[in-house]
Every structure is written in structure tokens, then in C-alpha cells.
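Two complexes, one shared chain (chain A), two partners (chain B, chain C).
Up next, the complex of A and B:
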């Protein structure tokens, strides 16, 4: 492809268009508030609390996805069984259904009118309007991204490596932790980052299940509704700043470690 | 040493059917057949990676049919070597040490011996990605030999090798077989490799054993029309 080729200019034009669509509103957002306004916002305990809650619940959801999603992803990557395609389609469902529908669906199950919800209430587990509710929603929307990423990672590892490990005396469990897990580590990190990113950005489902305690996207929405754009922008900037810094640090630490192996 | 009796296994549309043959102590047995005949599937069934539907595998008078791979004492070396890419050569070779009750001193002794025999001393700290095809094959063989299995399965060990490494690896396998007196089963397409290394063998087609016996007999007195055409008459 050379500069004389019309395809070259088409790709350049589309590239610029894509970057403009992403960057134009973001740059506008990041430059909209003055430094003094930003400093004033960060001193607001409600803001700090909501950003912390967003990050904390997102990581909790990612950790739970890691614990229960990893063995399941391994099963999907290694075994052929009846109904596997149906199960894979079910896993993808939370990605394609509208977010408020996710919230309504979860509320339907955990509400006091449902037998499951009443059992939870009897056990003292409150989902609606609680951190448990937020984490439940975030797992629901984030876990498919984690499972799909890790499943791809497992599939890329030759089963022959596991066969050899077992022929050398290692059990399946030992083989998993000494061979499969380290080789799939990168895809796990990518899956966790995607799951966390998805969880931090979730709004539509959380606002239905747990308006309070307020995660940052709900707080931004509330301030926008109540006071307008000017009051919601600084909170949004801080959320973007914290998330970006956190993801950058995580990527550098975890993916660098992998290179060192 | 190992007796395979009436072994059957169906996977998808392919099946191993009524596989029956014996391999003697310290023997170098060669399994030959066209692509898709079921050679690797049979090796993996002997290794315990596939579980057979019916039949028996008896090794040293002990039935191992339902034992998992880690309890069989059968090593396997694949044509692509299947070296663990995230650990260096030394760690690859000593991978199985902890599962086989080998203490540190014995592990060091065996590693030194195998490294010398297979000319691996200068490669021990390298990652598999930095090895040539012949080096990878030698490491895979050393890794299997390290735990002293009763049987070693070689799945087309020379097929991915550059011609200049073939003779070198072949010679090393011959030496290892002679010095360790371990029983070997090798899958190959190449009749020259089979004749150079093997004593007895079998021809397999579509999951069925066509002929078993001494290699000279197979090549000189083929018993079926398929074996006749396969060995080139």
C-alpha cells in the first residue's frame, strides 16, 4: 500500500475520523474545568467516596470473576460437550442486552417478592441499595469479558504441553498451576483489565439496583441532572484520571512481570 | 513388557479397532502407517491421555488400562517437542523430578549425565524459543528420560527436523536406547528411520493393525494388499 493508492488515503481518513470521535469529546471534557474547580471537587468527600467505591467494587467484581470464571473458562476451552455453544451464547448475553434490562432482571431475582430474594433477606444479605448489589451487577456485566479473554488464552496453549506434564508425573491440578496458568497469565491480566474497565464504567444497571451507595458514574449523573454540566465535569475528570493512572500502573506491573518470565 | 489386547476407542468419526500387539522388554518398536491412520491417537491411548472404550493394556504384568497418565511411568516425546516455553531448558528437564521421588543429589547426577550424553550442557539456561529443532528434540528426550520411565513413546521425532539434525538426533536416540535399556515405541513415516532404529513394528491403517512382527518380515513378507502397497512393493 503506497501513498498513490486510494486505499491508503481511505485508511488515513478513517483513522483520523476514529481518533476524532474518541478524542474530541474527551479533550473537551478534560479541559472544561479550571484547576481551582478541580481542586475544590477533589476535596469533596462525596466525590472521593464515590470514586473509591467505583474502583473498589470494580476490583472486587474482577476478583470474583477471576476466581469462578477461570476454572469455567478452562472447561470451555478444553472440553467438547453437548450444549456448549448454547452456554457460550448465554455467557455473551450480558454484553448484548441493554444495561437497564440487566438491572431490572437482577432486581426481579433479588427482590423480596422472589423466593431467592426472600431467602437472601432472611440470611441478612441485602442486595438492593447496597455494595453487594453493585458488585453483583458488575460481575454480571464484566464476567463475560473475562471468561472470553481467558478462554481464548487457554485455547492458544497446546494440550500437548499438559499431556507431557502429566506423563512426567504431574496431576491435572499441578499441571494447571505449573504449565497452563503461567502460560495463560497474560490473557488473564487482559481479561481482568477489561472486566474492571467495564465495571468502572457501568451505570445503567447499577442505577436501578443500587442508586445508593453512590458510585462515581451515578454521582456524575446526579450532579448533571441537579446542577448541570459544569458541576458534573470535574467529577468525571477525576474519575478518568484515577482509572487511567490505575490501569497504566497495573498494565506496567503485570505485563512487565510476564516478559521477565 | 507391554501387552495391548483388543483395545477399542472411538473419538468423533474415527476409531481405533481391536488393537492387539505385544512389545518386549528393552525393545525398539516402530509404529508405521499413513497420515490419519491413528498412530498418535494410539500412542496417546497407551500413555493414558485418551481413555479406551474397551480392551486392556498390561505393562510389566500390571493392568494400567484405567490409570491416569501420571501413574503409568510412560514418557512421551511429541514431534513438536512440546517444551514448556516459559521455563528454561534445565527446568524443563527437571520438571518431573518432584513427582518421582528423586532427591536433589540424584536429580543433579541425572541432569549432568543426560546433559553430557545429549550434549545439552551449554543450553541449560536457554529458553526453548532460542533452540534449534535438533536441540529441542534432544531436550524433550532428556526431559522424558530424566524420570526413568518404563516406556518411552516417540511421535515422529524426526519429521520437523532439518536434514542435518536428523542423523544427529537419530544417533542420540539409538545411544540412549542402548545405554538405558528402556523400551521405546516410535511412530514414523520413514521406512529408513524405522529400519535403522527398530527391531519389530506394526502397520496401522484406519485404526486397524494390518500387520505386526519383525520389520524384516513386514518389509519382505507383507501379509495384506495394503501393507504390500504401503511398504512399496
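Up next, the complex of A and C:
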């Protein structure tokens, strides 16, 4: 593709359009607050607490997705079985369900009126209005992204490599941890990033399950309703700033890994 | 002669066509309204659209304060705004975005629950506070900073302390209700009650009736539903969000009065006015409200006779000035 090729200019034009769609409203948001208002906001303990809660619960959801999603993604990548397509469609369901519906669905099974909810309450586990509830919602919405990414990663690794390892006497478990896992590591990191990013941005489902404790998107909503744009924008800016920094660092680490490989 | 007839006919046809065009309403009417008005307004929308098939009524229910902020801060186009507290219109929209508020309905605070709520069979208007203080009973209210139902629920609890002669009751109730049970809108609690995540919730009577919940009706002295107890209601004072985080303003108790207004730069003023006429009609919108458990104010009221001159002619006959 050379600069004389129309395809080249098409790609450049589309690239500019994509960046404009993303950056235009974000730049407006980022420049809407004065520096003094930003400083005042970051000194507010409620803001720090909610941004920290957002990041902490998102990573917790990603970690749990990693623990339970990885073996399942491996199964889906390596085995053909009856109903596999149906299961894959079920995994994609949380991506297409409207967010408030997710919240309502979760509330439906954790209340006293449901047998599962009454067992949880007997055990002292409270989902509504708790960190447990927030993490549950974030796993629900984020895990499909992780599983799909890791499944693709496993599928791209040739089973022959695993067979060689097995033929040299390694057990299936040992082969998984010493051959497959390192080779699929990058797709896991990408999956974790996607899952975390999805979780940080979640609002609709969380606000139904847990208004308090407030994650950052809920605090932004509350600030807007109670005090207006002037006090909700700075919180949004800080959330974007922290997330951008965090994801930039993680991207750099991931790229480095790719080059190393 | 023939030319004369032709001219008369032409004038007649033009006049008829223009008067027809004047009567024919079309386009979109955008209404921002309090969440507690969702069901009656949905019914009014249906009726209005049946009578005016070219008009599309689009409603956006939200907390009353959010409705106002969408107009003042986000500049979202809106024709009509209906709030669960007329003061929200008077304080946030008048005079820049609107010239008046029309008080069109009242309501009362009740304690809603379901048949599966803990102690549901025992609760009465004389022991409800003991049940709310019982360990294991979960109850909640709307966020007082964003929903008028929230601060009104707190006012009812304060008034209960005086009415039942139980010093310290309000503080005890406030302390025992975990923040986690608070929701941004009072209607958000309905799903929590139905799923058993909450046993009791402070609600408007109309919302309880519309969602077929069990309603514990409270004495008039504390339910904020009667104008004649306004002096008593004023004894309740609740701090709500002020102009910036960490700042609070004091709200005094008052009877619940819903307000509606036409926004000054409404994009579809003609159709919006027609909707307002239907809403304020005792046999139309006000009847729908009454049927759904929300007592209408008949005739609707404006603050005083000075405000009457700001009221559009079409709806002037449906309102009267308050004292």
C-alpha cells in the first residue's frame, strides 16, 4: 500500500474519523473543568474512595474471570461436543442483554423470595448494596469478553505442541501449565484488560444492585443529579485519567511481552 | 361575475385549509416527568396519541431534580416538565426556562411492603416503627439528595417522633437503616420489594397502588398528604444536598404538591399546550391520576393572581390562583 493508492487514503481518512468520534466528546469533557475544580475534586475522599472501588472491583472481577474462565475457555477451544454452539451463545448473552436487565436478573435470585437468595441470607452473604453485589455484576458483564479472548488464544496454539509434550512424558496438567499457558499468556492479558475495561465502565446494572457503596460511574450520576454538571464532570475526568494511565501501562507491558516472544 | 365567485371560493378554500392546518397537531412532544408519574402519564400519552395520531409523545421519567437539570445543565430540548414537588420548578426553572408552575396533584407518603415481608401480618399504623427497628428487617427510602420522595420519607419519620411522642425515634430509625438500602428513585425500590431484597420501603401512595403493593396508610398528621396539616408538617426539617458536595440546605416539611410547566422554548409548543389541556382537564388527565391512586387538585392552582397573566390562554380556564 503506497501513498498513491486510494486504499491508503481511505484508511487514513477512516482512521481520522475513528479518532475524532472517540476524542471529540472526550476532549470537550476533559477541558470543561477548571484546574482548581479538578484539584478540589481529587482532594474529596468520596471521589478517591469511589474511583478506588471502581478499579478494585473491576480487577477483582477480572481475577475471578481468570480463575474460572481460563479452564472453561480451554475446554471450549480443545473439545468438540454436542451443544457447544449453544453454550458459546449462552456465554455471549451478557454482552447483548440491556444492562438494567442484568441488574434486575441478579436481584431476582439473591432476594429472600428466591431459594438461592434465602440460602445466601442464611449464610450471611448480602448481595444487594454490597461489594459482593458489585463484583457479581461485573463478572456477569465482563467474563464473556475474557473467555472469548482466551478461547481464541488457545485455538491459535497447535495441539501438536501439547502432543509433543505429552509424548515426552509430561502429564496433561503439566503440559497445560508449561506449554499452553505461557503461549496463551498474551491473549489472557488482553482478555483481562477487556474484562477490566468493561467492568470499570459498567453503570446500568450496578446502580440497580448497589447504589451504595458508590463506584465512580454511580457517583458521577449522583453528583450530576444532586449538584449538576459542574461537580460531576471533574469526577468523570479523574476516572478517565486513572483508567487511561492504568490501561496505557498494561498495554505497554503487553506489547513488551509480544516483542519478547 | 364568474370571476367574483371564483375569488370568493378561493378565499373560502384558503381559509378552510389554514384553519384545518391550525387544528392539526403533529410532531414530537417531549415530557420530562417525575418517576412517580410514570404510569398515569403513560396512560395520558396513550389517550392523547389516540386523539392526535400525528403527535408522538416521548416521556423521560427520572428523579424530579434530574429532570430539571437535564433542561438547565444539559440543555436537552423539552416541552413539558412535571415534578413531584412544584418547588423544583419554581426554584430551578423559573424565570429563565419557565414562567410558572401549575400545582395539579397531591400524594401521601406510605410504607409499602409485600405479603412475604417480615412481620407483614403484624404491621399497623401504631407499631410500624417498632417493626422497622426489629433486627433482620430490611427497609429503605429514596436518596433525599436526588428524589423529593427521599426527603419527604425522612420528614414523615421526624413527624412520627412528635406525633407518637417517642423522643429519639427519628435518630434511631435513621441510624438503623443502612446506606446500602437507599436507592436513587423511590420507584427503584419496587423491584427490591418484589424480589425480597427489601421488606419495607417508603413510597408515594400512588406508586404503591399502581404496583399493587401492600400499603400501610399513616395518620394524616405525618403522611404529608393534607394541606390542613401544613403547620405541623413544617416542624420537620431535613438537610439535603446544597449547591456543592459537602454543603447542605435545610428543607422544611410541606404537603406533597406536584407541579407542571410548559418550557419557554418548547420545540413543539402547540402540541405541548394541547397535552397540558388534556392533563389539567378534570375529566381527562386529572381523572386518570385519581383512578391511579393519586388525588388531583381540582381546579389546578398557580401561586397567585400575578402568575395568571403568564399562563397560556388555552389552559387559563383550568387553573385558579392560590391564596
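The criterion applied here is as follows: the second predicted complex is superposed on the first by the 239 of 261 C-alpha atoms of A that agree within 3 Å, B and C clash if a C-alpha of one lies under 4 Å from a C-alpha of the other, contacts with A are read in each partner's own complex, and residues count from 1 in each chain.
We adopt the following convention: contacts are C-beta pairs under 8 Å (C-beta built on N, C-alpha and C of every residue); 3 or more make two chains touch, one makes a residue touch a chain.
Quick caveat, the model's predicted, so the values are computed rather than measured.
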Partner chain(s) touched by A:170 [first = chain B, second = chain C, both, neither]: first
First (chain B), second (chain C), both or neither touched by A:208: second
Which of chain B and chain C A:226 touches, first, second, both or neither: second
Which of chain B and chain C A:183 touches, first, second, both or neither: first
Touching partner for A:241 - first (chain B), second (chain C), both, neither: neither
Partner chain in contact with A:160 - chain B first, chain C second, else both or neither: first
Comparing the two partners chain B and chain C, which touches a greater set of residues in chain A: C
Common interface residues of chain A - those touching chain B in one complex and chain C in the other: none
For the chain B and chain A complex, residues of the former touching the latter: 44, 47-49, 68-70, 72, 74-76, 78, 80, 82, 84-86, 95-96, 98-100, 140, 143-144, 147, 149
Partner chain B, residues of chain A touching it in the complex: 158, 160-161, 163-172, 174, 178-179, 182-183, 261
Parts of chain C lying in touch with chain A, wherever the complex brings them together: 63, 65-66, 69, 72-74, 116, 143, 145-146, 178-184, 188, 191-192, 194-198, 241, 243-246
Chain C-facing residues of chain A, complex: 44, 46, 104, 107-108, 110-114, 117-118, 126, 128-130, 207-208, 210-213, 221-231
